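In the two complexes below, chain A is the common chain; its partner is chain B in one and chain C in the other.
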Partner chain A sequence: MLSLYHEARSPVHAMPAGAKLLVLLGTGTGLFFVRSIGALGVAMGVVVLGYALARVPARVGLRHLLPILPVLAVIVVAQVLLTDWVTAALVGQRIVVLVALANLVTLTTRTSAMVATVEAVLRPLRPLGVRPERVGLVVAMTVRFIPVLKEQADQVRAAQRARGVRRSTRFLTPLLIKTLRLADGLGDALEARGAGSD
Partner chain B sequence: MIELRNVHHRFGDHQVLRGIDLSLTEQRIAIVGANGSGKSTLARLLNGLLLPTEGQVLVDGLDTKKHGKVIRRKVGFVFQDPDIQIIMPTVVEDLDFGLKHHGIPRPEREARVEAALAEYGLAAHRHHPAHLLSGGQKQLLAIAAVLITNPTHIIFDEPTTLLDLRNRHRITRLITELDHQVILITHDLELAATATRVIVLDQGTITADGPPTESLSSYIAAHTNP
Partner chain C sequence: MRSKDIALVALFAAITVVLGLFPLIELPLVPAPFTAQTLGVMLAGSILGARRGGLAILLFVVLVAIGLPVLPGGRGGIGVILGPTGGFILAYPVGAFVTGLITEWLWRRYNVAYALLANAIGGALVLYVIGIPWMAMSANLPLGKAITGSVVFLPGDLAKIIVASLTAVTVRRAYPLVQPRQAA
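Here is the complex of A and B:
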């Protein structure tokens, strides 16, 4: 979801964000009832077909799957040790299918469309005090600022390495200070750009 | 016109501005001063981001204490660090952000965003994540996202500080070509010299106010002599 949008003209891109999120939700739920390696293989095939239909190159799809591999390996090994290899394969397959599908939704859906869907879904809750546009803004800002925070963390680590400090949790304090400053500036920016209160 | 009447501002016990009286009528005004002189506080008072602890700030006759939201539509603000100002994940979404919050209908928003993308050379980056833009492109996006809302006055807080020489010239040229009332808060004396009036702040008070040659000479003299 971190603004990984891959621009292309395809039926998957044209599909409404709400429909894509529903498919993701339905698949995510349904996968836990599938207990056959073959059936999960078919599900994986359908997702791969989705990538082809969306004209997302295989290298892009694989690149976005790579970050989950270490976690996946730990889970699969734990399953093999605690249960058996069939359960481990099922769990591993489910995770790969689900993450690949979630990535496909992200790659083919603009953040603005995702935010609009979140706002539409939450609109009926307005009488209960929920402000859908605020929740939508939080979603969009999360997508926007995670890379900024990562950049700040990298800067702090680089500064510490330059002073000879190797792996240390001491980077958390300066990072927290930088993050609080960022939050303070953001408050001003939101106000200045018309998203604040009167 | 922006007017400050006997404005004082303090943060806790720290007095930042002391009795500022100003009528900002010229089209291009620069405010210069050393770090901690009160420039950024003054800038934030001009569009109601901060309210004076004493005195009044009036924008086209409206008091910032009573009409903050209306004033912020009239007075655009470009922050020093575009990473703070860019709220939305992609270029096109960020250009749309201010328009959406100003209640502009979708068809007009789309037309204005397209025009801005073309005018500021951002069309090729329309769906690019903001964090992957270069420093110059980010600053350009931050400025375009303010200009697109059609403010009548624009405050630039250190617009060139984080830029390389090429982008500094690019942004300077863009700023000097604007028809809006422009108020520049800057350490960049070259940029300040493009203004018609330069105000020098020192420890929260005005120490010079006049044409750039005079004000900047006094500023340079005060800050280079031992």
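Here is the complex of A and C:
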């Protein structure tokens, strides 16, 4: 499975994942206290500069903003109807700035660096029985099994269609049973490699 | 956690991704987070129970957060989580956990009616309780308006609750995995 990472050499890419996430966290919190369109405009400009610095083309940046458009449109329309244009603009700007900045972090950080950060964040929870070093393993396993299960789902659907089953939800039960059977085998394989303990 | 549990958690995270690829119920104009994916939330809790189900969906949210395109339409990344509908995604693991908890309490007498109850509370109510205030906050809307605006999701969610419950009861017959729990 491809990640959303956008390959390039830039200072933003070189920044440690943890630092980028802290900047994002700080900005996300700070944005809720900004009540001026001008200040949010500056923030938007800074985010655009960030994209330029990261050598992410505008086309790529906009493509990742596209999915929030329907929700954003509904929210802005609701704000215009309920309050006024200024509030609508403030709210819309805040959402765009926050999502665009978060997307920039995603676009410039490798999945492996993100996994390492998740593991680092979980490390203090070790006394509670959390095993941070397993995050990488389960993430890799899940990614590996997505195409396998997609294939199984396609097979079940094809077989049902051949038998004239029309209802699309009928494929769920056989798919889940196949998945649970797969888990039996996979569990044994993990056991043999010493992955499970305690 | 035993190896088998790790396998179940990973596979249910994967199946939740796969469910997002199949639009079971398509509503026009409804944003993508409300497709078949919450079916995965309900099924993880109903079939694996609270702990494994919650972890499977937590793993799914981790996949989203680390930037894998696992949401419908190939979306993903932290932007989706921090956006106006992000609260719903963050609520998924809690929803799966609660579904699983209720399922464990009712496991000995489990039937379609109890499954409907568990999935309605864990797979829908919990998501609303976390997701709607989040949206109200992000969109600066009064809570009442955000609730009214979310009514459009009810028919789809109702259909998913029914599908998940019928499926969970059938799967229980073939593969009973939940450890029953005494209600406190």
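Everything below uses one rule, namely that the second predicted complex is superposed on the first by the 130 of 198 C-alpha atoms of A that agree within 3 Å, B and C clash if a C-alpha of one lies under 4 Å from a C-alpha of the other, contacts with A are read in each partner's own complex, and residues count from 1 in each chain.
We adopt the following convention: a residue touches a chain if its C-beta (ideal position, glycine included) is under 8 Å from a C-beta of that chain, and two chains touch if they have at least 3 such contacts.
All values reported here derive from a predicted model rather than from experimental measurement.
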Task: Could you tell me if A:15 is touching chain B, chain C, both of them or neither one (first, second, both, neither)?
output: neither
Query: On chain A, which partner touches more residues: chain B or chain C?
result: C
Message: Just to be sure I read the superposition right, which of the two partners does A:186 touch: chain B = first, chain C = second, or both, or neither?
response: both
Message: Under the stated touch criterion, which partner chain does A:111 make contact with: chain B (first), chain C (second), both, or neither?
response: both
Query: Can A:122 be said to touch chain B (first), chain C (second), both, or neither?
result: neither
Task: Look at A:80 in the shared chain and tell me whether it touches chain B only, chain C only, both, or neither; answer first, second, both or neither.
output: neither
Task: Report for A:7: first if it touches chain B alone, second if chain C alone, otherwise both or neither.
output: first
Message: Per the contact definition in the header, classify A:141: touching chain B only (first), chain C only (second), both, or neither.
response: both
Statement: Going through chain A, the residues touched by chain B and also by chain C turn out to be 2-5, 111, 137, 141, 143, 148, 182, 186, 188, 190-191, 195-196, 198
- prompt: What residues of chain A sit close enough to touch chain B in their complex?
  reply: 2-5, 7, 110-112, 137, 140-141, 143-144, 147-148, 151, 182, 185-186, 188-196, 198
Field: chain A-facing residues of chain C, complex
entry: 1-15, 17-18, 21-22, 24, 29, 31-32, 39, 43, 47, 59-60, 62-63, 65-70, 73, 75-85, 138-142, 145, 149, 163, 167, 170-171, 174-175, 177
Message: Can you tell me which positions in chain A touch chain C when the two form their complex?
response: 1-5, 21, 24, 28, 64, 67-68, 70-72, 74-75, 78-79, 82, 87, 90-91, 95, 98-100, 102-103, 105-107, 109, 111, 114-115, 118, 134-135, 137-139, 141-143, 145-146, 148-150, 153, 168-169, 172-173, 175-177, 179-180, 182-184, 186-188, 190-191, 195-196, 198
Task: Could you please specify the touching residues of chain B with respect to chain A in the complex?
output: 44, 47, 49, 68-69, 72-73, 76-77, 79, 81, 83-90, 92-93, 96-98, 101-102, 127, 129-131, 145-146, 149
